[in-house]
Amino acid sequence: MNVFEGAACAFLWAQSQAVELDFWTKARWALWLLVGFFGIFPGIVAYMVWLERKVAARFQDRIGPNRVGPFGLLQPIADAIKLITKEDLVPGGADGAVHLAAPVLVITSAFLVMAVIPFAVGLAPVNLPSGLVYLIAASSLSPLGIFLAGWSSRNKYSLIGAMRAVAQLVSYEVPQVLATIPVVLWAGSFSLVSIFDRQVNQGWFVASPPGLLGFVILFIASIAEVNRAPFDLPEAESELIAGYHTEYSGMRFGLFFLAEYLSVFAVSCLATAIFLGGGMPIPFLAFPVNLLGESAWSYVIVDAMLLAVFLVKVLAIVFVVLWVRATLPRMRVDRLMNFSWKYLVPLALVNVLVAAVWYELVIRPGAFDAGRWMMGTAVTGPIVAAACWGVFAINRAHGARAPVSEQWPSVGRIGPGVGGRGVSRRGL
Amino acid sequence: MESDIPLDWFLLFAAAAFAIGLIGVLTRKNAIAVLMAIEIMLNAANVNLVAFWRYGPLRPEAGPIPGLVLAVMVLTVAAAEVAVGIGLILLCYRRFKAADVDQYDTLSG
Amino acid sequence: MIISNYIFIGLLLLVAMTFGLAPIALAHVVAPRKRSRVKEVAYECGVLTHGETWVRFRIQYYIYALLFVVFDIEVVFLFPWAASYADLGIFALVEMTIFLAILLVGLIYAWAKGVLRWV
Amino acid sequence: MLRNLFLVISTLGLACALATVLSRNLVRAGLWLVAFFFCVACLFVLLEAEFLAALQVLVYIGAVSILLMFGIMLTRGVQGTDPTSNPSARLAPGLVAGGVLFLLLSYGISRERGLRTQRSWATTGERPAIEPGTEGPSTPRRDAINNMGKALGVELMSRYVIAFELAGLLLTAALVGAIAVAHREEAFEPSSKGAPASSPAAESASVA
């Protein structure tokens, strides 16, 4: 085994949870930290911004950035230079240290989330045994940073925006976390690498009724978690200027901006890794790992393909996020909160139990095959559909009975309850 | 391992944190600050629980992780305590227009 | 050792903080600095700031945070349950159904009480 | 190396705890408290309870601190300063009480012995080994440490199932009780004539 193969093997088989602090581990970590986290991920994020501007422009029948470099490809670099050379303003009454700490905390949270994503076989920075809990814990740091940003600015719009943002983030964190529980249940492990391995054997987790519902809930809640339209209430510029980052300018604002896109990338990676089968190109077909026999080159080629498929999936999710932003208007604040607590949370709770039923029907008997899958779908599919229908029906009935206010139209049919006569404020 | 951390280091850390929490409970007037100090004390207790679980012998009838289960329960109770505590503080704030524990003196003759 | 992984996490924490602080430090060197009173005023739609920065927040914020804390703790129990479900079987499903039903009572109470509305 | 790491983390943690207790600004106190929680999570990692460390960050930093911040915002001026707090009057007796408690506890720690092993706590220098290849009675512990989430689930579902269901009951009781206590805004609204209602910023309160 020559040096290259040794490196490749150390690189690829660094999958086990217990690592030794030998030379290869340290080299791998240094590579991840200096090249991955300092170079590649910020680069990807910079070009996501470019992509967003291009895509949004196309949706609006414009061209988008096209002056700096071919197709405007150097635009992110120009933006970075602009942000760095802007004056670094701190408002007079602000709490200086906290004002500085807030964007750093937000971007730290976005970075830490990426540490457990398995991009391909062996291409996870670390494989923690409680990786998913770690990931959720890391992502739960960002509401605190946003709150501190709004609080430290000493500006009432910042503070209102921050309080709203935190209320929204914590509300949507609940369904987001609950939606990942079926995955843990089916894989029997929190390690994202084990979750990927399990999907190699059993097909993508999204390919089952509870998995599909979980994926949809995770996707919606994640859009809200990263403050993207139609859930970008915290920065509703018509009411709150720029929300919690009103008083942030120059590079400090740039950090919030970067953290937002980094979070979009991270949640896309998370959804891909735990629901969409990671780098597997076809839902139920295990990828041939030793394409060219048992050699290091074979693993490298297969890994490159897995990585490419993974990134294509992530790109597709990111594109859908941009598409949603270009299509849907901003939600009203009361509906935003309702949607989390009255639709997503009950559905996610039911989904957890349905996922256990799916486990009993399909996974526990062993020997995953098409017949078992069809049987499981026939049983759990109607339950999931009925749960969705039931939640919507209850909400419509309740919303029609107790509208929020006499002026504000309620969801549901226009009936006698909406006109304002005999409206009960208490409801239900 | 060649240089393990001694058990009593953890215990001393927990004792010091607990004492600091006690200082907070005794000196602060603001009810929320008192709650924060109580959280410090509960965390100190958790450190003790986990340290004893890790260093002590296991009893077969208590399972492999009795200290951890207890720590998770402390976590639960601490969160519930903060939730209800802040609810009560809000109620008192509306009634007495103050969040200072000294001003809740309706019961004092 | 499993704990060795957390050395990486610690290093990543340092890298992330560097990544956050370095551009600000760079901007501190590169960017122009011209202080003036007007620039330091809080931005409120272009007029001078009006009144204290003292907004009275509504109790709803607390209610949502409270619900969040309760459901976060629920997740603390759901995660170990999900990870160990393969070893446990139907009995665990029944236990978790009871647990979720108890918590759902709380959610329904909040809903029926009308506190789950923003206005 | 581990010992140095412990010393750094615990010193930082105690400093943060002290800052929490002494800080006059409540939001800053909350921020120091968050740092203290993080240090405790690091200690859990050093104790090889990494699942609990993740839960610590998730629950304390992610949820409890947010609740505390909201509580501060709902009861104080937004800058969170605590103008009525006059720590100097009580600081001395408080410090004395804390110091005495710490001395008592450390005396106890230096003298106490383990219940079953009869080993002094002060001389317990090493923990039961879990390195792969070590046979003997520490095997269940090794499994639990290597897959802590799973072990916790099994324990909660079998041995501690009553505690688990009671925890659910406690959470629901807390939720219902806190809502019942806090959700009486209308009843106290007319009597509120503090600074906030009369200030011009009350208009923005309706935005909030």
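Remarks
Chains: A, B, C and D, in written order; residue numbering restarts at 1 for each.
By our rule, a residue touches a chain if its C-beta (ideal position, glycine included) is under 8 Å from a C-beta of that chain, and two chains touch if they have at least 3 such contacts.
Note that the structure is a prediction, hence the values are computed from the model and not measured.
For the pairs B-C and A-C, the larger set of C-beta contacts lies at A-C.
Distance between chain centres (mean CA atoms), chain A to chain B: 33 Å. We define each chain's centre as the mean of its Cα atoms; on that basis chain B and chain C are separated by 21 Å.
Centre-to-centre separation of chain A and chain C, using mean CA positions: 14 Å. Annotation: 28 Å between the Cα-based centres of chain A and chain D. In chain C, the residues touching two or more other chains are 2, 6, 53-55, 57, 59, 61-62, 65-70, 72-73, 75-76, 79, 82-85, 107, 113.
Of all residues in chain B, those that touch two or more other chains are 72, 75-76, 79-80, 82-83, 86-87, 90. Among the residues of chain A, those in touch with two or more other chains are 17-18, 128-129, 133-134, 136, 154, 156-157, 159-160, 163, 166, 170, 173, 188-190. Every pair of chains meeting the contact definition is listed here: A-C, A-D, B-C, B-D, C-D. Of all the residues in chain D, the ones that touch chain B in their complex are 1-3, 6, 10, 13-14, 17-18, 20-21, 26, 29-30, 33, 36-37, 40, 43-44, 46-49, 51-52, 55-56, 59-60, 63-64, 67-68, 70-72, 74-76, 82, 84-87, 90-91, 93-95, 97-99, 101-102, 105-106, 109-110, 114, 116-117, 121-128, 137-138, 140-141, 143-144, 148, 151-152, 155-156, 159-160, 163, 167, 170-171, 173-175, 177-179, 181-182, 184-185, 188, 192, 194. Residues 2-3, 6, 50-59, 61-63, 65-70, 72-77, 79-85, 87-88, 91-92, 95, 98-99, 102-103, 105-107, 109-110, 113, 115 of chain C are the ones touching chain D in the complex.
For chain D in complex with chain A, the residues that touch the partner chain are 27-28, 31, 34, 50-51, 54-55, 57-58, 61-63, 65-66, 69-70, 73, 78-80, 132, 146-150, 201, 204, 207-208. Residue ranges on chain C touching chain B, taken from their complex, read 59, 62, 66, 69-70, 72-73, 76.
Interface of chain B with chain C (complex): residues 72, 75-76, 79-80, 82-83, 86-87, 90.
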